[in-house]
Amino acid sequence: MAKNIAILGASGYTGAELIRLVSFHPEMSIAALAADRKAGQAIGDVFPHLRHLGLPDLVKIEDIDFTDIDLVFCALPHGVGHKLVRDLPEKTKVVDLSADFRLTEAETYKKWYGLDHTAMDIQPDVAFGLPEFYRADIAKARITANTGCYVATSLLPLIPLLREKVIAPDPIVIDAKSGVSGAGRGLNEPMLFSEANEGFKAYGVGHHRHMGELDQELSKAAGVDVIASFTPHLVPMIRGMQATIYARGDAETAQQVLEATFADEACVDVLPLGGIPQTQHVKGSNICRIGLVPDRIEGRFIILSVLDNLMKGASGQAMQCANITLGLPETMGLPQVPVFP
Amino acid sequence: MAKNIAILGASGYTGAELIRLVSFHPEMSIAALAADRKAGQAIGDVFPHLRHLGLPDLVKIEDIDFTDIDLVFCALPHGVGHKLVRDLPEKTKVVDLSADFRLTEAETYKKWYGLDHTAMDIQPDVAFGLPEFYRADIAKARITANTGCYVATSLLPLIPLLREKVIAPDPIVIDAKSGVSGAGRGLNEPMLFSEANEGFKAYGVGHHRHMGELDQELSKAAGVDVIASFTPHLVPMIRGMQATIYARGDAETAQQVLEATFADEACVDVLPLGGIPQTQHVKGSNICRIGLVPDRIEGRFIILSVLDNLMKGASGQAMQCANITLGLPETMGLPQVPVFP
Amino acid sequence: MAKNIAILGASGYTGAELIRLVSFHPEMSIAALAADRKAGQAIGDVFPHLRHLGLPDLVKIEDIDFTDIDLVFCALPHGVGHKLVRDLPEKTKVVDLSADFRLTEAETYKKWYGLDHTAMDIQPDVAFGLPEFYRADIAKARITANTGCYVATSLLPLIPLLREKVIAPDPIVIDAKSGVSGAGRGLNEPMLFSEANEGFKAYGVGHHRHMGELDQELSKAAGVDVIASFTPHLVPMIRGMQATIYARGDAETAQQVLEATFADEACVDVLPLGGIPQTQHVKGSNICRIGLVPDRIEGRFIILSVLDNLMKGASGQAMQCANITLGLPETMGLPQVPVFP
Amino acid sequence: MAKNIAILGASGYTGAELIRLVSFHPEMSIAALAADRKAGQAIGDVFPHLRHLGLPDLVKIEDIDFTDIDLVFCALPHGVGHKLVRDLPEKTKVVDLSADFRLTEAETYKKWYGLDHTAMDIQPDVAFGLPEFYRADIAKARITANTGCYVATSLLPLIPLLREKVIAPDPIVIDAKSGVSGAGRGLNEPMLFSEANEGFKAYGVGHHRHMGELDQELSKAAGVDVIASFTPHLVPMIRGMQATIYARGDAETAQQVLEATFADEACVDVLPLGGIPQTQHVKGSNICRIGLVPDRIEGRFIILSVLDNLMKGASGQAMQCANITLGLPETMGLPQVPVFP
């Protein structure tokens, strides 16, 4: 029997993408869609592209009966998940797309998000939602904290290289670029078409809040403290993300490690040495594609990691985690053929 | 057992979209991919977004053994289909995306395409590939001539209104707009990013070659000769098509006819009277969405018809036809949830 | 001595474009910039692209001393101009970019804008700001009501053809398309990059408020009531506007009338018969470019009129009017070389 | 009397931009436009946006009489300039936008461009066309080798910091991004709208040919060999370029050096410490805008340098050099107000 799914935060872009994915899924069905400010509206009024699918209207979270819900996707702003998850029935699985459960230390959460972590008692039961490295944890956990988009893009190539000590932990430079949908659906002037189109800019330079999560996982992989230089940029496209990573180490060894690590992974595609991936070639799919190119400077190389920020960077990966935690085949229902052009 | 599919013209955009659709399809598998100039290349070299799918290399058409092929999608330039289709085994079904079999009169084909129609003997066995109106024909035919993108966008609302004599056959103005992918992958200056982006233009004004097909079908529906004013335009987006149609008649009656006609159609979505569709809300899906708005001038109204030119305007509709002609459920394998944003 | 210019509404896109134009102008200098909600801010905080120009900070309108101001550009929302203009010194010239003074009948203003026209006593002294047809009026008037962007695009070809009775007054279909900057800088969801990019839609179908102005001027030109079908659309580009106009008449006569009308006009460029203009080829300039193509239907033709909505559609034309009313050469300071690509 | 200008390579994007700039210039007039393959055509056929300007038709270079030409802009492909410049009259000044005269060593030229440098005898008389650092040389030189776009973007902040030894010469990481117009008007598949739009990619990773020029100038500034990691990327926008530069040193000292260096420069705008520039805010102008942000890692900072690749990255800077070498005011005729939005 199909699993009953609730999506909380269904009026945002990651929510819409989750609806798309659950609709494709042969073993899942949408039981409830919540969006507090838009509660009471038909989904077709909030997202006209979904109007023909016969979906339930949006409701308030408090009006959902979670009794028969097998899994909840939380696509809510940072800060509301701690209380919310505590109040859910014990047997309900949760995949949380916010940062609320990604950081294992309360101080780190406070530092980067300016909020108290009020669910530290639950935190030890949370799996870090990067399936390629935490698959077993996710299978057992009640709660999975889906990795952020910038962090997933960076960690997928960096974790194996740091674990295997193929690259030096310092300096690592991560120059990252995101499509505009990563900023969500909130109204602010820099995201207007006339402001964002035909332009390029950095933002959050030196202090972007995804850094806490990045430091935690890079350090864990390396076994020593790793602090990377990380600069996010905004690209005038809707979907897509790239990390250009500058590292020290032997390029051929690094290539071998990446190939070996991801040989059997359905959602990570390592190009041959010297190959250059493009974001548009993974659009709409749950693929992270990685290229590694030797620098002309001896002993250095450049890693290019691309994904669709709404898919492998958010909702696609959340579905991958959901499949794992529900005991379903990991890529079930994931449309792995990119939409190009 | 899955149907064996060959795609001829696999290195173009409609070819790539067909590969995407066949890959999703639970009852089809790709047996051969042909692209004459790029024969011998891996599909991943021609379309990097498809490299991880384990597809066969591109071959020449003449090197395909059609013996076990159940259906051929022809996504080739106009003019090569006549001979090609004649040479295929009798039992092989064909869905042709070119204009080669769309026109029932040899002179009309010659007039608009400048070529002799060399397969007039086969022509009577061809179904016109617009399933909502020619479903029974398609089910029986060996060859289906998939309707062109501009023509499908226009015919879906106009055929029922002309058949029911709800609108006057003259004047009908069709102001049509297409995303750039409709121009294909050929190299020419106006399609360069720096030329096409941030701009808008008409083209083929007064003499676009889709007019032959349009006249034929509008006249057949009306029972009298219908010649519409038709102007195509290029919009700086990859996918998407809209026809804005100006007609005389009673808006409410027209709305009722459209709603009745498409009530049970899975691929056509009629908005409530006054509703305005947007191309981005059907992107990636096989949906044609139609809105009808009364003009402020008594007795006139405006129809807005949108679709994804590579899907319901080309490859998606071709798959719909293929399902019908193979006896499969009509929308099997068609991803009907648009990719938005 | 340079003319002192005040720009009211300097924090919007037409305001920014006026600043650009006054900065180029050899005989004008910026004396005051007003933007009520952003009063007190440096222009560089509101428009970073202007930060290096040494411009005055934004102030409230009431804090401007208009004594030495030679001309005021009002780039304010509809509805505030009536009182404002009345309170300005008698000798101060005004070019108003809103609709407040475009309509000569109070009822018409009320009908389309939902507001009372509270300055009907001043209205008779207002010139309609379309210099190619109202140049003498503008030279004498204290106030010029700058023509709206859609209306200018449509009127430039249609006024001479209606005046000369080359086209029938009915039916005229105007299918118009605008870049997103025409919607201004206000925050609303459909103008977010992720919503507007890669999409196309109509809006205000059947009841767009520019219709009042359009009716007034078309009827005046024809000498009989003219009501055109008019549909605006949104194109995913920042700047640019096109009207595709369907009319009945003799194409060659119409071409001759257009060529004769605009032969000596610096800001209107008529292409040879059959020529197709593109919006990107007039971007950043004050040029309206017009093409006329015979339809395949005898006795009908299609007019394609393009301009930059922020230039000849708004601020450029306002500068043209300002030059005229101040007795300066009409194109002084107007950068007439488009920015392409 | 106005200077007579010839533009060689007038059918490319930098050629078109030069025409725009010369048209604005009060002391220059266009005497000849050359484009070998398109010789004989009207400029309006090659660049419709220029058709209303009364410009001369395109001719072959060999058909130009250079006798009265004061200055030649060479906007030709790499490799043809050596012979060409040698054959020009002694008194004709040259600003060359290609790489032919940028490298002072023949071997370096050969290494990066694969061609023999056949004008090494002239090379010592060439000025490096980066006016902020080579102004005096340019004033005296007959030939100026206009700096490449990526290199100008990088050198403007890096030269003063290396000269003053504020940053360590190793490692320097330059992660650079360019709009698509930088690729020119040549026909190739990756530059088609449908391929380049809605995507992001690196290219020339590890071996881009601008590296020779970069090494030369960085090393000269530092007084020791400097080899930076440099990765160019393609952004789906027409114009605009950014270099994100990662360096070691004291951020406040670096900020002071940048502010002092460019305090009196009209074409370089240094933001306050922590400021983030955007490419769209310098579009159409000859401004390079620089921001410097401390990294969270002690002793490191990030420089963000943006410009319009066709202006300060190519034709605008060429005009700046031309003004200097002709003894005119340096920014004469340069439209310094960006076109935004």
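Read from first to last, the chains carry the letters A, B, C and D; within each, the first residue is number 1.
The rule is short, and it goes like this: a residue touches a chain if its C-beta (ideal position, glycine included) is under 8 Å from a C-beta of that chain, and two chains touch if they have at least 3 such contacts.
The structure presented is a predicted model; accordingly, all values stated were derived computationally and were not measured.
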| item | value |
| --- | --- |
| Between the pairs A-B and B-C, the one where more C-beta pairs touch | B-C |
| Per Cα centroids, the chain farthest from subunit B | D |
| Between subunit B and subunit D, centroid-to-centroid distance (C-alpha), Å | 46 |
| Intercentroid distance (Cα basis), subunit B paired with subunit A, Å | 36 |
| Separation of subunit B from subunit C, taking each centre as the mean of its C-alpha atoms, in whole Å | 39 |
| In subunit A, residues with contacts to at least two other chains | 13, 181, 194-195, 197-198, 236-239, 277-278, 280-281, 283, 341 |
| Subunit C to subunit B touching residues, read off their complex | 171, 173, 175, 177, 179, 194-195, 197-203, 205-207, 211, 227, 229, 231, 233, 235-240, 242, 244, 246, 276-281, 283, 293-297, 300, 302, 304, 306, 341 |
| Subunit D-touching residues of subunit B, taken from the complex the two chains share | 13, 180-181, 183, 185, 187-189, 191-198, 236-238 |
| Subunit C to subunit D touching residues, read off their complex | 13, 16, 19-20, 23-24, 47-53, 181, 198, 238-239, 269, 277-278, 280-285, 287, 289, 310, 335-341 |
